[in-house]
Each structure stands twice: as C-alpha cells, then as structure tokens.
Amino acid sequence: MIDGKTLHPLGGGRTLAAMSTPSPAMSPATAHEATSNLPELLERRRAGFSLEAPFYTDRDVFRADMTGIFGTYWLFAASIAEIPEPGDYVTVDYGPYSLIVLRTDEGGVSVLHNVCRHRGARLLPETQGTVGNIVCGYHSWTYAADGELLHAATAPDEKFDPKCFSLKKAHTRVVAGLIFVCLAPEPPTDFDDVIPLIEPYLAPHDIARTKVAYQQTIVEEGNWKLVMENNRECYHCVGHPELACSLFPTWGLTEGMIPPHLEEVWERNQAAERALQERCDRYGLHWEVLEELDTRIAGFRISRESLDGAGESFSETGRRLSKKLLGDLRDFRLGRCSLHLQPNSWFHFLSDHIVTFAVYPLDEGRTMVRTTWLVADDAVEGTDYDIDELTNVWKQTNLQDKAFVELCQLGAESPVYEQGPYMKSEYQVEAFINWYTQRMREHLGVVPAA
Amino acid sequence: MIDGKTLHPLGGGRTLAAMSTPSPAMSPATAHEATSNLPELLERRRAGFSLEAPFYTDRDVFRADMTGIFGTYWLFAASIAEIPEPGDYVTVDYGPYSLIVLRTDEGGVSVLHNVCRHRGARLLPETQGTVGNIVCGYHSWTYAADGELLHAATAPDEKFDPKCFSLKKAHTRVVAGLIFVCLAPEPPTDFDDVIPLIEPYLAPHDIARTKVAYQQTIVEEGNWKLVMENNRECYHCVGHPELACSLFPTWGLTEGMIPPHLEEVWERNQAAERALQERCDRYGLHWEVLEELDTRIAGFRISRESLDGAGESFSETGRRLSKKLLGDLRDFRLGRCSLHLQPNSWFHFLSDHIVTFAVYPLDEGRTMVRTTWLVADDAVEGTDYDIDELTNVWKQTNLQDKAFVELCQLGAESPVYEQGPYMKSEYQVEAFINWYTQRMREHLGVVPAA
Amino acid sequence: MIDGKTLHPLGGGRTLAAMSTPSPAMSPATAHEATSNLPELLERRRAGFSLEAPFYTDRDVFRADMTGIFGTYWLFAASIAEIPEPGDYVTVDYGPYSLIVLRTDEGGVSVLHNVCRHRGARLLPETQGTVGNIVCGYHSWTYAADGELLHAATAPDEKFDPKCFSLKKAHTRVVAGLIFVCLAPEPPTDFDDVIPLIEPYLAPHDIARTKVAYQQTIVEEGNWKLVMENNRECYHCVGHPELACSLFPTWGLTEGMIPPHLEEVWERNQAAERALQERCDRYGLHWEVLEELDTRIAGFRISRESLDGAGESFSETGRRLSKKLLGDLRDFRLGRCSLHLQPNSWFHFLSDHIVTFAVYPLDEGRTMVRTTWLVADDAVEGTDYDIDELTNVWKQTNLQDKAFVELCQLGAESPVYEQGPYMKSEYQVEAFINWYTQRMREHLGVVPAA
C-alpha cells in the first residue's frame, strides 16, 4: 500500500480548510450553499481579492444584479450604425429585459420594452429588422415608434383608454453614435457629466458615417462579471497571440515593473507613445488617460494608446485593415482610442475601423457577447477591406476569452473555491469589482464591515 | 450628442412605472421575483385582465397548478379510438404524473399510475403499445389490467401481502368515447352532471366506430395556461390563414360588433346558421350553445356551428376531407360540433372526422399538445381520405399557435410585463382565467380582495 | 357512457392514498414537495423499504449528499494503471468537486483540487493528460505536483506569500493500485482498518503491471443512489443476457430459496464453488466472503466466486478474454474476486483482466459511470485480446443498467411514488441504503424515530 497521506502530509491537527482560509470570520461561501445572504456577502467583501463564489453562480445574486445593476445604470445597447435608416431596429436583451432599439423617422433613437401591453407577447422576436409601425404578431395591436398605441380592435368598452397602454420606454442617450439605455424610472445623472468628457475622444471617428462590416455574437458559459473581469486586464494576454502582435508586450506595465528582457521593448513603446501624442496634438485629437473606473457612478476609462508595428490597426503587422479613414481623420497612425465603461461595454476606435463590445447577461452562468466591426460607409468590401482580415484578431481573441471565462465559471462551482488575490496588472479588474460592490451595497442598503 | 430623453420625454417627475401601473396597491409581481405568495396573487387578481407574470413563469406556481388543478379535476386523456383492442394502451403525462390508459379484456378502460410498487420504475416507458399483463421491465413484477399484483419473486417473508402493492388507480369516465381521468382521491361530482348535457351532442359521431388517421404531438415553449388562453379566442385568427378558410370571418363577433365591410359576410353567416339548425333539427342533432365555462366546476362550452364555403369540413373549400360519414350520420353539411372543456382540452366533431386536442403540461415553461384526427373505421387511406389534406389545417394552425404562445411566454419573462386587458372577443379567455383563479382560490383557501 | 368507476371501484369512502399508505404518520413526501426537511425524512426512514422520493429528485438533498457523503468519506477515484508514468494525470469530478489525480515523479499519487488559487480557473480541463508542473491556462500561475505555488507574476506587494496559495489537497490512499480520495479535513479512520482486510484479495492481480485496455464513460439520467442500488442486486439480471452467461442462474440465491427447475444448476454451482476454493487454497488466494456493508463506516463486501461455463472470465462460454495472466497468477480458473465499496464503486478482479466501476454524481438526476478494463501490461491487442470481446459483456450490461436506473428516476418523479419493499435478493440494496441513511443521520445529527 502506498500511503498518500505520507506523500502529502497535511501536518498536525490543521485541516485543509484551516490552511487556506484567511480567518474563521471570513470563511467563504461556496457555490452550493443556499445563499440568500447577499447583503452579508457584500458587507464582508475582502479588498484586493476576487468575489466569493455565489456572486458568480447563484441565481438569486443574478436576479439582484439584474435589478441593482442592469435595471439601474446606463448600459451600452448598440451603435447607430446598426440602425442606419428610419424604421431599422435591433433588439437587445439584458437578462430578462428585452428592448427594441429603433431609428425614428426623425433620425432619433427610440428604445421601447419589447412587450405588448395586451397579452404580453414579445413584439419583435427577431434580433434586427425594419418596421413601419410596431405591430404585434398576435392580435395586431399597433404602436408608433414612440410607443403610442395606435390601434387595438374590439376594445371592451368606451372606458378603454389607449393612452394607458403605450409601450413602456427606456431612457436613451446617444453619445458619438453609441446608444445607451437606462431601465430605471429615474436614471442616475452622473452619466450626463461623463458624456462631455468622452465624446470629444470619439466624435472624430464619426460613427454616423460608418457601416457594420461584421457582427459576431457568442455565448460564454460564465457569469457576466467574469466576462467583464476578463476584459479588464491583459495579464492573460500571452493567451492572445493574434492580439499580442499589435499590443506592445509591455502593455499594462509601468516604470519600475519592466523585466530586463523587455527593456528594449519598453523604449520602443515609450517612443511610440510620444510620437502618437505629438501627432494627436497636431490633429487636435485627445489622448490623455482619463480614468474614473470606481470613483464615480458612471465609471469609465478612456485613452488613446499606440500600437506596435506600423501602429495603424489590429493586424499582425500593425498595418491598416481598411483603406478608408473614418470621418475626417487624416492619418492612419492614430493607435487605438479605447473606452472602458461600467458595467457592460468596451470599445476600440481606430483610424480605419471601430470595434464595439456589448455584454448581455443571459443567466447566472451564461453571457452573450456581441462584437461589431464598423468601417467607413464608403469602404468597399473586397476592395478597401477584407472581412476575414478585418475581424481575425478579435474573433480569435473573443474565443480565447470565452475559454478563459468558462474555466473560471467551472472553478467557482467547486466548494473549495475561495477568493484569490488581484495582482498589480489586475487593478482594473479590482476597480470593476469595487464599482460593482459599491453599487450593490447602495442598492441593498449595506454598510461595509469596518 | 443626440439626447434620447429629448426625443422621448417621460415628462415631469413621473416614472415609467408610474405611467403604466394602475395603482400602487396593484404593483404587479414580475417573473423574477422570488414568489411564494401565490395566495396573495390569487387574492388580488384583477378582473378583466390577464394574470400576473409568476402564473406563467414560476416553478412553485406550476407545482401548485399540478396539485390544485391537474391533481384535482377531471382531465381529458385520450379517446377509445387510440386503444381499440384489449391490451392496447397509451401513456399520458400531466406534469409529474404518468398514467397508463389501458383497454381491458372486457372492453372497458383502466387507468393506472405508471409507477411500479416495488422500486418505483416507470412500468411502460413507451407512449403506446399492447400488453397482456403489465410486467415491470426491471424485476418482472407483474400486474393485471386492474392493477392487481399477480407476481413478485423472492418476497421477504410470508407477511408480504401482494394486495398491498396493487398499482394505484385513477378515476375514469368514458364519455361518448372520450376518456377522462381524475387523479384526486374523491373526484368532484359536478362532471357527472355535465356528462348528460354534452354526450347527446357527441354520441352520433360514434367514436367507437372511428380509427386514428393521424396524431401530432408538439411541445410549445410556454406555460399550459397560455396554451389554453390561446385556444379560447379567435381574435388572433388572422394569423391562421388555413383555418380562416372554413371559419366565417365574422366568427366570434355578435350583433352590434360587425364592421361595415363584414356586413355581407355576416348575412351569409346568419343564413348558414339557420340552415344548419334546421338540418340538425331534422336529424335530431343538438346544436344549441351551452356555455358554463366559469359558472360551474366542470366548466364547458358546447355548440354546433356552421362552416363557411361548402360547410362540410376544415378544408380550403369547406368540402369534406373524408368520404365516409361517421356513425349513422346522413349528411356532410353538419358544420362543427365544438366542445371546450376546462382545464385541458377541446374538440371538433364533424360529419367526416373528429379532431381531439389534449394539453399535457411539462413544466412551467413547456407544454405538450397532442392532436388526433379520427375518421370512420371503414374509411380507406388514399381512397376515402388523404392524410396531408385531412390534417393540413390543424397542423398549420397548431404550429402558428405554438409561435403565439411562445411569444407570450417570452414577454411574461420581462420584469416590465404587466397584466393587459381582455378585449370583447376574448371573453372565453377571461372565463378560463376566472375558472382557474376560482379553483386555485378554493384549493388554497383564499378569499378574494373585495 | 362507460363508467370507469364501475369497472374499477375504489370502494366505500377509502381513498387511493388510504389504500396504499402504510399509516397516516408515514405519509410519504413526493418529488414535488418543496422539501427542506431532510432531517425529518432521515428520522422516519422505514426499514426494509426504498427511500422516499426527494432522496432521488431533490436538489437540496443532492447538495447534502455532496457534503455529507462525497465530502466526508473515502471515494474511489481511479487506478494507477490510468496514470502509469510520472506527470500522467486524470481529472475526476464528484458533483461540484473537481480533482486532479496525478502521478508524481517519485511514483506516488497526488490529489489536488482542480481550482487555481488566483482567480479560480479550472486548471486542467481535460479528463486526462500529462504535465510537468501544473500551469494555469489563464495567467500562468505554476504549481508543483504537491500543489506548491512555484510562480505568479506581478504580485501586488512583498507581503504576497506564495505559501498561502498552494493548491488545496485531498487525502489519498492507494490500495493494491486503486486510488482512493477523501475530501474531508479529517478523513474517517475506519478505512485504514479495512485496507488490510481487502488488500490481500486484490494484490495478487497486481494492478501495477496492468494497462488500460478500454474505458467507457456513460451518463445515466438518474440519481447516484439509484445507480448504486442497481449495482447491489442481481434480481434484475434476467435483463442482462450477456452477463447471465457467466453468472450461475442461481447467483444471489441461498439454500432453501432454490426453485425446483434450478436444482441441477445449484448442484453445478456448489461444485464449482468447492473446486474454486480448493484451487485458491492451493495458490494462497483469499476467497472467503467478508461482508460489512452497513456495519462499519468503510462499508464493504469482498469475495471470490466461481463463474459458470469454463469459469475463467466474463465471456459467453466462460473462457478467458485475454491470453495473459495478471501478475504472478498461475491459473485462469479463478472466478471473479468482487469488491463492493460504499459509497461509489465496485470491482471485478479476474485472472485475465480487471474491471473497475466508479460512480461520479453530476446532479440530483444525472450520474456519470466510468468503467475501465485493465489487462496485463504485456498483453498485445489483437493478439492476446480483442477489445470488442473483452468489453462486450459489461458494455452491454452498463447500457441495460442505465435504462433500469432511468426508469426508476422517472418513477420517483411521480407524486404517487411511494417506498416499495426490498425483496430477499435485494439485501445488499438495503445495506447500501442503511449505510447511506446512517451516515446522513450522523452528518445532520438526526436521531431515528423509535
């Protein structure tokens, strides 16, 4: 007999749990405990560490997230390039919410809940299309683009007031062509203060004069917060060989963190940054890092950063992927203007194309991620850009990220999972978690443990 | 920046919720609230409006439905044409219940729970077949058609009494060839009073001398109550182009509801009704509308109504679909004798064929619907009837209805879903909901709010 | 009208429930009751009868099983033949637990929880493979075979102590080449007393000198306890025609239970037993039945029994399935040395091959069963053994058992399911249930009803 205990002594009277648990008072909840103690979990959240398992696995926490985050804050829905003509619409779902995002005849954007006021049928079951009025497929109740009920046959009596049965609306903001929605009765006002900070970075890329070149929608078998966390660090970017070509290997590192073998790269990176900033100053483009990821309600980070190689786009060589510059831009070497927004989106604005990323939670263990590539509306497929080349880096990167997220979801299911420490290069992950925790504490009226 | 708020002002300090919620006291429950407050939901049910979301989405409500409705009232199971010979059986499942519906050697019908009394194995896993005795596939425990345990090997001791291990039975009634079951210990007696009211309408079509021409079983991704509600109105029949050929476009309308463009149709409809009634009187067939959908425990509606066109059957032209008359009927122009029963069935008895519809709930979001076409037992396929022609209208209609039900289920999942008003043409839907609500209030001892 | 009630009278005022329920105080819980009353169910467990439905269907009971049984007792994981070389590993999952079973450079076995201590990613997502160190695919945290954290980049500060982030370990015992694990902080000690009782039976078959010929992994749609119960009786073996060839038809019967038509078989069986025992005595092999299935914590049964026909192996004729004897065995006619262990495994050690069976619960209604065939490591496929012939009996038997288990799971879902009586030939099933009940009572501090 081989005695495993001898090979792997646990020592004295200490238990496995004792060895790894920080302190008895912090004994972490596992994925399989029946937990309706979300307030307690939020109260004891440990700074510098990932969340306890139920945040990723528990159905009740997911429901609380849908109310406390997705039902409360501004969310990215789509861009106006996806609904270029009057009557064009897309539908987007955030957990149990389904919304119609519709271009109006006046060129504005109307966002309506996708639920008929008669018998509750989903009005537009397709993910995109074009409509005149919105007509329910069940009993032909007919609504205007602003949600007004225009027609309903065989009303029960004259007391039936169509005005009481308009479609429910969501609040809407269109920022440099990006459509944001808020499902709360009273949207938080902080976003209005953030808009003028970020709009100048994005406006020169002029989404109104772009078109959708390609859209990829994938389902990741992981909680939406794991999807966001994964986006917020490049500590794992060795797992993204295609993306790594255009990112400097020193990305995410700062002075003093540079290992000897990367010192030469660091010099190249620094030189590229200086050149990019001079170029931006010349064209009047913003490049300064603005970062308020967890220090305000509309948490965000925006910056313009250089790319490696030719410095133009997300290609293996760093060269352009579309031959047409966006908007009135006059140079391809503009790096990437990247925007991170809490809670559900990120964006890369380049000189030749834009990539938008939207996160739509499905349930506690599944999340839909939609990636959209926009190019200049006069760019010709096959001539000015090749779809496979244009989309290759992020298509591959998304699939790699999906695999990472799914490994974390599997891990969180284990009863022995416990919170791990965030490393230096994960400060944006921690900022996301701080933002989330603070919002949920406010939502539930929780005071953090001292 | 385009300001969506400006485009779609919500106005003053009023919230989205305030705009659409009838009154604070009625704030509706959403699909995603943890709800064990079924009694409260039943207490505050709003007359004239559809149910709150949890009735369609909540697992606990579904479980309560299975006990309070399917475990308590008379249910349609199958017709004797499906089990014509001794030993023939079908199995039918109502949510978690599985039943064997068996033709006995004496020609009667025995309904037994499909659960072995030894280790609980499902006895007959197939949906239909023929047996002598019922032999469990696991350990060969053998039961007679009446459930008596005939054989079990290696009994533990002489105290083992086979009489204690008969299969559990369900109560059974066979009404004009339609088999009804009741899973309650004491079945409600009201059904016995309804039987003599409906049997005379159905008996002349003589199911005992029919055979199954075709059977379609579909799963609808919707709560069983949505399936029933959908059946109880023709407000949506513009979505049934095939069915609409044989229904008068004025179906469901009454004097005073006729729009000008349908006045000519209305005259034709009225004339056809009068002709049908005279014809029925001549043959001694019942045609009067009897309707007690929510005014008694065994809620029902029965009538004989004219069909458009040739007035014979559910075809595009209204002409017969089988050349053989049923039973001793002497005329093809008998319209349709239609029976609606609470809680799970409806039927059309025509001169040339019968269609039965049975609803079997699977879970809170899925329902099985089985449609069976019966023709005269001496009708020859290919000569007297063509299966595709015979089944076309209801096959198409069922698939259209499935789509409608599924849109409603999706809508009910939204947190902004709220009860909508029933229109005039939906009075039978409301009657179904009234019946359901009343039964569940009785089941849970709930007194409605004043 | 045919009156089903007349055909199947329920009699007087007695209800269906009254007819079959032993006593009002014992009214059984159904699969669809919301049950958090596991202690009550355990308290009132009825001796001689199968468990109440929630034990097979309830998610909360499953979670309690994972903690009270799988998180507490010794479990079979794999055999060392599956990880013959240093660095070879398999992963095994018990419900939510995922484990890495790794052969170390020193030839020992290390069992580690498959959860990275950084962000919780599953470390090794494949079911088998070979590694040097264990490197997380997400951020390259690198662990030694004993779980020590060897490398993690960009630590937050100098207070980061890698020793605090070793992989969590499970206790391990290797018994005659069979690897057992215990997930509890303090493993129960009784298993250490059982090891010397069973090891002498198994050691001569020398797993260290075998190789995996084939492995079958199937998912049964049934609770893990139904899988175990099914294994613990041959009352259903008429459903295993392939297996029945090598088992005596009198298997499981004892003196006094032999029906007349099997008396000749019984004589042959008795003679074969005597011959086997003499042969074993000659070779110094153990054959005595040791049976303590429910009388100790490490419940087990071990024996060596004769096979029918040629008496060598699990073939139609009873002849050998591999031409190479295992270990230093000198005779093919050694019957089968069979080991039953609580809670999740059984084994057959023959002269020419070994079959191991491991049960891995997935959720309350699904269980993975892995069967592994081992042959002498110098046996040559195609020459010494044919994989189809070697595996035929148990492949077929497993699929038959899967069907049986699934029938029982379906039956347990019915609200009318109630506990059935164990027959004489099912005493090992009852022993398993006794063992399970006793362990769960201890886990939850339940005192059985008097």
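Think of it as A, B and C in the order they're written, each chain with its own count starting at 1.
One rule holds in what follows: a residue touches a chain if its C-beta (ideal position, glycine included) is under 8 Å from a C-beta of that chain, and two chains touch if they have at least 3 such contacts.
This one's a predicted model, so the numbers in the text were calculated from it and none came from an experiment.
For the copy pair subunit A and subunit C, the superposing rotation over Cα atoms measures out at 120 degrees to the nearest 5. Shared numbers divided by all numbers used gives the overlap of an interface; between subunit A and subunit B this overlap falls below half, so the copies present different residues.
With centres taken as mean Cα positions, subunit B sits 45 Å from subunit A.
For subunit B, the set of residues that touch two or more other chains is empty. For subunit C in complex with subunit A, the touching residues are 60, 63, 66-67, 71, 95-98, 104, 106-111, 113-122, 125, 137-140, 146-147, 152-156, 160, 164-166, 168-176, 179, 181, 185-186, 195, 199. Put simply, subunit A touches subunit C in their complex at residues 1-5, 7-8, 10, 15-20, 30-32, 34, 48, 50, 53, 229, 235-236, 238-239, 257, 403-404, 407-408, 410-418, 420-425.
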